[in-house]
Each structure stands twice: as C-alpha cells, then as structure tokens.
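These are the structures, in structure tokens.
Shared chain: chain A. Partners: chain B in the first complex, chain C in the second.
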Partner chain A sequence: MSATAVTASGRPARRARRRPSPLVLAAAVVMGLVLCCALLGEVLAPHDPDAQQLLVGLQTPSFAHPLGTDDSGRDMLSRLIVGARAAVVGPALIALGSGLVGTLVGVSAGYLGGWRDAVIMRAVDLLYALPPLLVAIVLIGVLGGGYTVAIAILMLLSAPADTRIMRGATLEQRARPYVDAARTVGVPPRRIMFRHIWPNLLPLLAANAFLTFAYSLVALSALSFLGLGADPGAPDWGRMLSDNLPLLQDNPAAVLAPGIALVLTAMAMNLLGDWAYERLADRGRAR
Partner chain B sequence: MSGTRLGAYVARRVVVLLALLALLSLIVFGLLYLAPGDTVQVLLGTRPASPETIAALRKQFHLDRPFLEQYWIWLSHAAQLDFGTSVRSGRTVASMIGGRAAVSGFLAVYALVLALGVGVPLGVLAAVRKRTAVDRGVVGLSVLGVSAPAFVTAVVLLYVFAVILGWFPVYGAGSGFVDRFWHLTLPALALSLTGLALIVKLTRAAMLTTLEQDYVGFALARGVPARRVLTRYALRNALVPIVTAAGLVLTVLLTGAVLVETTFSLPGVGSLLVEAVANKDVPVVQALAILLAAIVVLVNLVVDVLYTVIDPRIGFGRQAA
Partner chain C sequence: MTGAAANGRAAEPLLRVRDLRIVAGTASGERTIASAVDLDLVRGETLGIVGESGSGKSMTARAIVGLLPSGVRASGEIRYGGRDVLGLRGRELQRLRGAEIGLLFQDPFTMLNPLMRCGEHIVELLRGADGARLGRRERRAEAVRRLAEVGIDDPAVADAYPFQLSGGMRQRVGIAAALARDPQVLIADEPSTALDVTTQKAILARLKALQAERGMALILITHDLRVAFSMCDRVEVLYAGRVLERGAAEQLERRPRHPYTLGLLLSEPPGDRRVAQLPAIGGSVPAPDDVADRCPFAPRCEWVQAECTAGPPPLVPLGDGASSACVRVHELADEIARRRALAVAPRPEQPVAPPAAAPLVAVRALSKVFGDDGEARRVPALDGVSLHVDAGESVGLVGESGSGKTTLGRCLLGLERPSGGAIEIDGVDASDYAALSARDRGRLRRTIQMVFQDPYSTLNPARTIGATLAEPVLARDARVRDVRTAVGELLERVGLPAAYAARKPIALSGGERQRVAIARALAVEPRMIVCDEAVSALDVSVQAQILNLLEEIRRDAGIACLFITHDLAVVRQVTERVYVLCKGELVEEGPTGAVLDQPSHPYTRALVASTPRTDRAWLDAPAAVPAAEA
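Take a look at the complex of A and B:
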C-alpha cells in the first residue's frame, strides 16, 4: 500500500499529470457533444422541436420519444438537443465580452498604475461585491426583460473578476526584463501593453474564459428559469425546467433532463477550466 | 485590540456603509424613475383612466413632484423603515416584507448551518486524507456543487425525496417550528449545496497550507494529540479564508434563496422579489434592492470584524479597507 503510494507520487505520477485525467477527458467529450448539438441542432433532433401535437399530449418516455413529450406534445429530446444552442451562444458571448473588457481595463490599470489603477480597482471592488444574479434580477425588473439585456448585464458583472486577474498578471509581467527592454528602446506604452504583454496573458485569459462560461451558463439559465431570460416557449434549458415543473409527477424526464444537461455542461466547463489553470501553473514552475 | 478601537472602527465603517447605501438607493431610485412603463398605468389597473383619477394617483404617489423631491420624500420615509405602499396589493411594503421574512430567515439560517456544519469537516477531512479516494470524492462533489444551480438541485431533491420516496412534503412552508423544519429541509439542502461546495474547496485549500507549517510538525513530534493539533493549531489558523468564504456564501445564499423559494413555491422574500419584478411593483423592488444591499454590506462588515477576533495580528482599517 505504502510502496505504491510512493511510486504514485514519484516519476510516473508526474508523467501522468501531463496527460489529462479521465475526468477531464470525459468533460471534453461532454463539451464536444454539446457543441455538436449546438451546431447541428435541427439536423440531429428526431422531431421538430417546436411542433405541437396536441393529440399526442403529455407522454412518458417511449421508443418514439425517448424523453417523452410535454403537455402540448412537443418532443423533449429534440427540444433538449436544440436547447444546446442557447446554452452555448449566450455564455460564450458573456465569456468573450467580459474577457475583452477585463483585458482592456485590467492590462491598462496594471501597466499604467498610479491614480488610474487606484480609481479602476476601487470601482472593480465595488462591482465585485455585488451578487450578479440579484443585480441582474433587479435591473431586468427595471429595464424590462429580454435575453439580450440579461446577456449584457451578466457581461458587465463578470468583467470585474477578469479585470482583477488580468491586472495581477500584468503586474507580474511588467517586472520582467523584456518589458524594461521594450521601454528602453522607446516602444510606446499601448504597443507594449497589447503587442508585448498581452500575448503572454492569452493562456490565462483562455483558462479563465472556461470558468466564466460555466458561471454565466448557470446564471443565464437561472434568469430564464425565473422567466426573466429566454422568451416563453423558447428551447432553453432553464426555461424548459420551469415550464415543465408542474409535470414532475407525470413525466419527470421532461424536468430532470434539462437540469442534468445544464449541470453536466457547467461541470465539464469547470473541470476544463481548472485543468487549464493547473497546466498553466505547471508551465510556470517549469520555466 | 482594545474595545474602544474596535468601537471606533465599527463606527467609521457604519458611516461609510450608510453613505454607500444612500448612494445605492439614489441609483436604484434613478433607474426606476427612468425605466420604461408608466407606474400610473399599473396603479390604474382596470379602472377607467379619467384625468381626475390619474391626477389623484399621481398626487398620492408624489409622481407630480420633481425627481430629487420624489427621492427625498422616499428616502426620509425609508429612513424610518416606511417604504411606501405596493402599487399592486395596496399593502405597505414593510408589512409585505415583514410577513415573508420569517420563512426566508429560517431557510437562510438552516442552509448556513448546513453549509458550515457539513462543509468545514468535509474540507478538513479531504485535506487530512490528501490524495486518497476520500479526497478525490470530496473534491468531485464540490465541483458538482459549484456547477449545479440551486434550482436544478431543488428539482432533483424534490423528485427523489418528495415524489418517489415521499419522505418530505412537496410544497408549503409549514407552521410551528418542527413542521417548518420538516417542510424546509429539502429547500435548505438545495440552497446550501453551492455554499457548501465553496466552503469545502476553501477549507481544504487553507488546511493544506497550514498542515504543511512547521508548528504543526513540531506539535505532532512533541506528542500533542493529533485531534488537538488539528482543531486548535491548524484549523484556527485556517479560519481566516474560511470566514471570508462564509461571507461569500451568505451572498450566494441570498441569490439561491430567490431560485429555491420560487421552485418550492415558498412565501419568502426571494419569491416576493421575483413577483415584484414580474408585476413592475416599483416600491417593492426598491425596498428589496436596498434591503439586499444592506445585508451584503453588513455581512462584509461582520466578516472584517471577525478577522480581527480570529487573528489579532490583523489590524483595523488597513487590512479591511
């Protein structure tokens, strides 16, 4: 027992770490599936996701409808597959937007320093302390609902986290000799920030985008669940969950399947993000 | 730290806190003022829109005054905990919130106790049994907990324990302590899971660091009982990040409460917020937004004070600022 433990923490383990763990592979497979569904939704779906068959009505899972149908006779499996698109596009937009804002603001704050850094970071701290979902609920209540508003708000509220991370990484890079060298040669600050420093931050930005994606997926579908995100009747996992909640006794699959799809996707993205971060940490140690 | 310094520190923080809340209320008030949709329309409901009724309603709700005066009227009343009357139900906002606070408060405390009571021991266990199946299992569960939104957990728990097994009631908040405890067990479990996962993650990380410290090794070498080393030496020093997490968990709970109360159709403050937002009930949204902000800010203050109690080396002001 102890002998295997020693070898496990010795060389073979280090080699094994470079190869992704089975869990990470599973996460990649899940994300691959979700992406396929998002891209090819209508082609893969066995039925038209929006076709109502009132004569068929509510059905429990069968061969023709593996996840059954909802009370207006829509095929749940098809809606689940097509719903993957909303689950990918919204969070991806949020991750991208917040990454972009976070990079612009964070790199500037970190590189320029001084009063600009202080002002930016105070504002970031203030925004960071707010619970995003609650702010989104209140703001949507005020501004009027809609998927676009939800995405814009979540983008704005995810940006502070990205800003903090990018600023920290910029501070670390600024102390390196290549930045000094560039400055000595007279490269203008904007060019140093976005041509010299930024490429070095790219892996970190990518790893963080996975985690932002996972968080925004959960937040967006929560808003849809409350009826403040996706439009009524839209094939969105959060919306499907709340629409079908009354069917929990009659066709549990209609409620549980979108929920499980949501959790699996969010988990996969979290695992991939954690793995990417660990890889970065390893590379940092090797350098 | 002397009591007077602590008092001065708390007083200073409370002043900043009140200023922050006033600023926030102005923002919320301003946003609602600018928002599309006419409050008068909501107030009218199905009544005929005669110019006299509209004028009377505008006067009653001070809608005929300039913006800053409206805000001042609202703020001076709010300072006395009078948040006006709901434009939907006609009841005072304070009584609406008061009537719902009991369920939410019970739920939040129940969930916080679960999150801390289960999360901290699990995190410690994972750290002590580092790189074993126990550790991997606990970490895996925490990833699941962080990824699973409260409403999905709620639905799964509802299905397994209420529909299939029938151990717990499907909806309602119950009356009396024991009955309420019974009714709120599934909601509290669903609500606590995200926070629990966060606590496990942070406790494990903090314990891993402290367990590597020299003083832990020396204490064990001198023959101090392992249990005592674990709780008195290691856990106490790991507490600062855990308390930080507890503050974070409370804000997670506030958000989760909105989802869980809606899923279980519980008459709480969270479901009130969703109803008010859906109905465009402006005074209720305003009051709840301020209330939630006040809770978040207060929790942060309590966390900052707790730091100094746990670790006297942390001074007031500098660290907390």
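Take a look at the complex of A and C:
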C-alpha cells in the first residue's frame, strides 16, 4: 500500500487569539471616553454645566445644545461630560478602599488561620448578610446624606466580598510548597503574606477591583437618584436621572442620556474586568 | 478487516500508522508535537511507546482514537482494520473508540465520573445480542462478571461510587470499563504511574493476563523503561516528537542502538546494586520545533558530529528487526555496547560510615494524629516512630502513599506539630517550633532544610530566582553585603548559570527548578537536608543529574541527607541506612544494601518484589504478602 497522506480534520488551525475581542475594544473605547471626560470635563464641555438660563428654560436638542437643556436651561451635554468625574472618582475610591481592606484582612485571616480566621470570617459573614443599598439608605438617613458618606458606607460594605475572595485565594496559595519553603527558611509571617503570597493574588485583585467599580457605580448612582448621594444640583448621572425624570415627555434626551451613560460605563467595566483577569492570569503564567 | 486467521507478524497489521504528524495551533503560530511517527501493531502483541515528558507519546495515542484536544491536529496515515481513522467523523469515530480500540488513562482519580456508580461505567454502552439495551438485572450481573475479570471479587463494588475506592481499585474499574465492549486494541497511557509499587505490579500483571486471555493487542505508553521492557514485545523510543529507535524489547534492553536509548538505560538507577555515579544525560528535552532540522538528541549527545546537525536523520532498519535514527549507528555500535556492558557490571556497596558520637537528629516515639481531639475523624499518620540521622550521613525513609513518611519530614521542619514523642535536632528540642525562642528557632532553620517534590510549585511564580535565593542568604547572615554575588555562587554550585537570577521560574525546566530548590536549601549552609520525593516528578535523564548533584553536595559539604521516597532504586543509590515505614509504623531498618537484599519484614519483602525490573519475572512473581487491594 502506498502511503497516502491524508489531512485530518477540516477545523481551521487558528484558535481564538489573545488579541482583545471587538467587544473588549468597544468597552475600552467607552472607558477611554469616560476617563477623558472625567479628567478634562470643563475643557471638553461646550457650555458651563452650571450656567442656568432661567428665562429660556427647557430646550429640545438643537445644534447649540445637542442633548437639549433641562428646565433650568443648563446644557445637558456639558452636564453629562462633567458628570463623568463623579461617576469615576467615587467608584474608584470604593474599589481601591475595599480592595485594600479586603487584602489586609482576607490574606491575614487565610494565612494565620485558627481563631483569628474564625473571628474575622464570622464578622465578614455578618456584614455580608446585610443588603448594602438598604443599609446605605438607612445610615445616610440617620447620619445625614452626602456623597462622601455614601462612598464610605459602600466601601465598608464591599470589603467583605473582597475579604472572602482574598482569603480563599490565600488558602489555596498557602498549601503550595513555596510557602512551606519560605517558612523553613525562617521568613516572618507578615513577609510571607505580603511579599510572597500577595503578588500571586494580584490578577484576582485587579479583576475584582473592576467588578467592584462597576457595582459601586450603579449603587452610588442609585443613592444619588434617591437623593442620598450627590448634592442637589451637582452634575451627577444618577442625580440628573432623577431631576430630569419629569421632563421625559418634553426632552427625553435629558433623561435617557445619563441613564445610557451609566449602563454603558458599568458594562464596559465588567467586560474590561474579565479581560484583565485573563490577561493578568496568563502573564502570571508566562512571566 | 483482514481474516481472523492472519495472526502472524507478516500479516497486515491491525493498526498501522505512517508519517503521523501532530501540531498544535497557538497564538504564535504552529507548534509541532510529534512528526514522522510510524508504528505497526499486530493482533495480540504488546507495543511499548517509551518517552520522557514532552516526547509526544500521549498525543500520539490520542491521535489514534481521534481524541486530540481542540486546536491540535493530526496528519499522515492511521489505518485500523483497513479503515482510515483520520478520515472518520462523528458516529463512525465513536464506534471505533471503545468497541474496537479501548483507551485507559493515567489518573485513576479523575478518569471515572464521580456521580456514576462503578458498575454503570462498565455497562453503560453494552447491548444484548439483539442490539437492545440490557435489563437492569442483566446489567448488574454483567458488571459483576467484568469486575471479577479485573480481579475485584466483591460484587458490592459495582454499586460503589469512585470516591469510595482506592486508586488501585479505581484503575481496575477503569480497565473493566475500557474493556467492556471487547476491543481488539487497548491503549494504556501510563496506567500505573500514579499508583504505589505494590499496586502497580498487581495492575500490570492483571493487564498482561487479560491481554493473553483475550488475544488483544496492547499499546503501553510509559516513561518507565523497566515497565516497558517487562511488559512489551516491541518498544518504540520517542524523543522530542520523533521515533529514535525501535526494536524487540529484549534486544533494546541488552543492546541499545541509539545514544539516547543508551543514556536512558544508564541513567535509570538500578534496583539491585549501587553504582559509583549514575551516568546522567546533560540538559533537558528540547521542543520539537527547535530541533526539527537535525537529530533531536544532537544537543545532548556526546558523540555529536557535523553530520548529526545536517538534517533530521531517518529511522534506518538494521536488519534484525531493529531500527535506529542515529546517523553514526554503525560507527558507534561497539562503543555503545561497551558502555552498556560496563554499566551492567556490579560495583561494591559503599561502606557504612561509623556512627558519630551524638546524632544530629534524634526522633523518639514520634506520633502524629490529624484532626482535633473532639473530632470524629481522627487520622493517625505516625505511631511511635524512632529514628536518628548522624552528621554527614545519608538515610532513606521508604514507604508507600499513606505511610506517614512525608508527615515525618514535615514534623522535622516544624511544618507540622507532632502529637506525641520528641524530636531533638543538634541538641535543641524541636518537638514544638512555636514554643521555641526566636534564637533557637533561627538555629534550627540554619541546621535543617527541605527540598520538596513538585518542581512546579516549589518556587514562587511571582518572584525571580534571585529574589527567592536572596532571602535565605540573608536569613543565614543579615550582614551579607553583596547578595548578588552570593546568589550567583549558589546558582553555580548547583550547576546553573548565575544569570538565571534574573529569571522567573516559568522560564526554567523541571530539573532546573529543582536545582534552584536545592540551592535555596543550601543557602543557609545547613547541616542536614530533607529531600521529600525530590526527584520523583522528574524525567529519568534529569533525575540522574539531580541525584548526582545531591550526592556531590553531600560529599563536598558533609551535609546529612534524609531521603523520603517510594523508590527503592533511588534509595539504593544514595543512602547508607534505610528506614521502612508502613501505615505510620517503622517496620524495618538497617544498612540499605542489607535491607534491600535480605528484607526481613513481609512488607519490605513485598516492596522489594514489586519494584519494577526489566525482566519479565518480576511481573509473574507472586507478591510476598497479598497487597491490601490485590
């Protein structure tokens, strides 16, 4: 029999590359725009976002005001652009703060184990059982509202989730021989936790920060919507949404624009979080 | 299919593979896994495919049954019973697998579905003579019959879930399931690698018996030459995705024709005698694409010449059924034969060093129970074990999984706290590290160090080699000013270039990582190193390098060693005294040679009898004691 070469399987050789998918690219573009607006809001905005034109009042979209104005005559596009800052800074602070607390507490609990772990994790369970938005509403009601208070409360209530994740990941790393090896060399526990184990948790931590960001953005905006977050009149997407709700009939753009901006930003952050996790985890393997 | 009468070698082979090439598509282009692989399998014979990790042996097996992972493609010719397997699709391929070619995987712990009863794994696809599904009662009867065939006489096993069984039992169920539809060919991919030696022997013997009963052909894929030679009629040696040598098993063992085969044979530690030094092959297995245009073994071959790198050498038949892919096969024949004969000659045992005045490590009546006092599940791991290691001495601690050998090592290092008994290291009571003063603890850390088993997780993936080594250097003496130089010297001492300090572990091969792990243990200049299965995850050729390195370090620095291992051949090569541990209890101790040559305890006898040898007799010899699960 003559050896006839037969090529198997018509499946194309190319697999999904690590090049970001169009969806991730789109998410990156959205986040890029939002970040630009957050940094350069006043420069980019065509009008002063707080300048009222009480005599003119509400305007529908026009060349001068692409998204129209609200009932005080403030330019909606400018407010949307400047509002990006509140949409970025608050959630970013929450993500960073809760990540920091979660890392410190979670890694310690996971590495030290024993009664410290038990105490910490029961406290975390307790906090975890509370619905964050509801608690935030009650506390802000008692403490008297404000953007800063809202951020602090959400930070505190996001930390338990981060703590759990970090503890779990620490437990997994702790069982590895490299940790045992560091122990036998006599490396002190704190150094093992934060110089040996922590770098291996970075991909997880980074990805989680993105998700916390997305969640906090929605939660903060909800609080603002309810009048418990951003101060009245401040250019904040959630606040704009509630302030302009009565204008839905007259200038739908004034209501829909901040809503769409919120949804797009939150979605973009989620997508980027997933992508960042894959990338970082791969790099962890490849470096 | 050809007639059933065709049973001889001259007949059309049952399975015929020609010019098989396997490639994986990756982000950076195509990566070759195997190329130009040929093999023939006739009815009833056993073919061994031998290779180290990365040789492409598992993928070759998967290609034969069309089970390649996505992104991996095969081309060439695979004919089974006159059909072209690579052209088969969907249902045809399904019919081929299981019914005609059975496949048995390595890992008995993941091979069975945890939610399916063992019996169901076996009878899942069985049909009656009329093609109808079997009734409930018939299915069970069939499952029990099949289990009996693989040596499980307890019918209750058919109703057990996999997690309720030991590894050996699971592997037996796996065999029964692979054979359920009476295939003509069984492909066994490292079927006994994950098992203890006594279980391994029982499983291999059972496979051999089943094969004879059924007249079935067997392809045995293994990294263990001893297993291959004792089980197989013919052997193909795979290296970096290419066949380097093929021939009858006996002939290959006695008279290798390729430098790589010779190297493999020599670097395998012999189980029955001690050699002065294992002849290791330097370097590690290359990626197939890096050596595509030359003899793949050329970078590691001591006889390499210009012609070796001129092009990939073809596999040349040598007339007596053997083939070799060495271009210098005829020139080297005499030299290879000489080396082989030299290695077979026995060397004298190393004399046991006279006992030192005070032992460096003394363990007295050590016990360890896992689980707290109140808990229902209390697992005893060690029960009244006493041993001692003197300064500069090399001691073996042998046992199978669950014997408590690793627990003992971890107790010595303070990674576990003993439940009872005493440990004294260099005059310090080390029974409870937590209760020691910082000064004493520091002293213990500088006295005793450990090398762990798994080269892939023993180094922190996020830190460079330099950072990993700098820590113990400073732990020994915080005043060291030039840490870089100290790290460089350490790396050179374990045979690595100093420039490796800048690398992350991912850029290193398994053997190189284990060298770094040894350097880390050496950095504090300890007086004793505990090696917990330090070479068992490595390829044979690399294992010999690491054993030689450890031996050299021990000799030069006078460091005592405790070798924790399941491998008697390794113990024979590197230790002077040995302790045998069985289910947490010490059953035998003495000079290594004496214990292994004339074992007195039945368990030690069973271990010695189960250690693979290249001759067929070890498989047929009855176990000295009935192994727990045989």
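By our rule, the second predicted complex is superposed on the first by the 260 of 287 C-alpha atoms of A that agree within 3 Å, B and C clash if a C-alpha of one lies under 4 Å from a C-alpha of the other, contacts with A are read in each partner's own complex, and residues count from 1 in each chain.
Throughout what follows, contacts are C-beta pairs under 8 Å (C-beta built on N, C-alpha and C of every residue); 3 or more make two chains touch, one makes a residue touch a chain.
Every value quoted in this text rests on a predicted model; they were computed, and no experiment measured them.
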item	value
First (chain B), second (chain C), both or neither touched by A:178	second
Chain B versus chain C as contact partner of A:245, first or second or both or neither	first
Partner chain(s) touched by A:82 [first = chain B, second = chain C, both, neither]	neither
Touched partner set for A:154, first chain B, second chain C, both or neither	neither
First, second, both or neither for A:226, with chain B first and chain C second	first
Of chain B and chain C, the chain that contacts the larger number of chain A residues	B
Touched partner set for A:143, first chain B, second chain C, both or neither	first
Which of chain B and chain C A:187 touches, first, second, both or neither	second
Intersection of the chain A residues that touch chain B with those that touch chain C	8-9
Of all residues in chain A, those that touch chain B in their complex	8-9, 23, 129-131, 133-134, 137-144, 214, 218, 221-222, 225-228, 238, 241-242, 245, 248-249, 252, 255-256, 259-260, 262-263, 266-267, 269-271, 274
List of chain C residues in touch with chain A within their complex	18-19, 23, 25-27, 30, 70-71, 73-77, 84, 86-87, 410, 413-415, 441-442, 445-446, 448-450, 452-454, 457-463, 468, 471-472, 475, 504, 506, 517, 520, 523-524
Touching residues (chain side chain B, partner chain A) in the complex	28, 31-32, 35-37, 131, 140, 143-144, 146-152, 155-156, 158-159, 163, 251-252, 254-255, 258-259, 262-263, 273-274, 276-278, 280, 285, 288-289, 292, 296-297, 300
Footprint of chain C on chain A - complex, ascending	3-9, 11, 13-15, 17-18, 176-178, 180-187, 196, 199-200, 202, 284-287
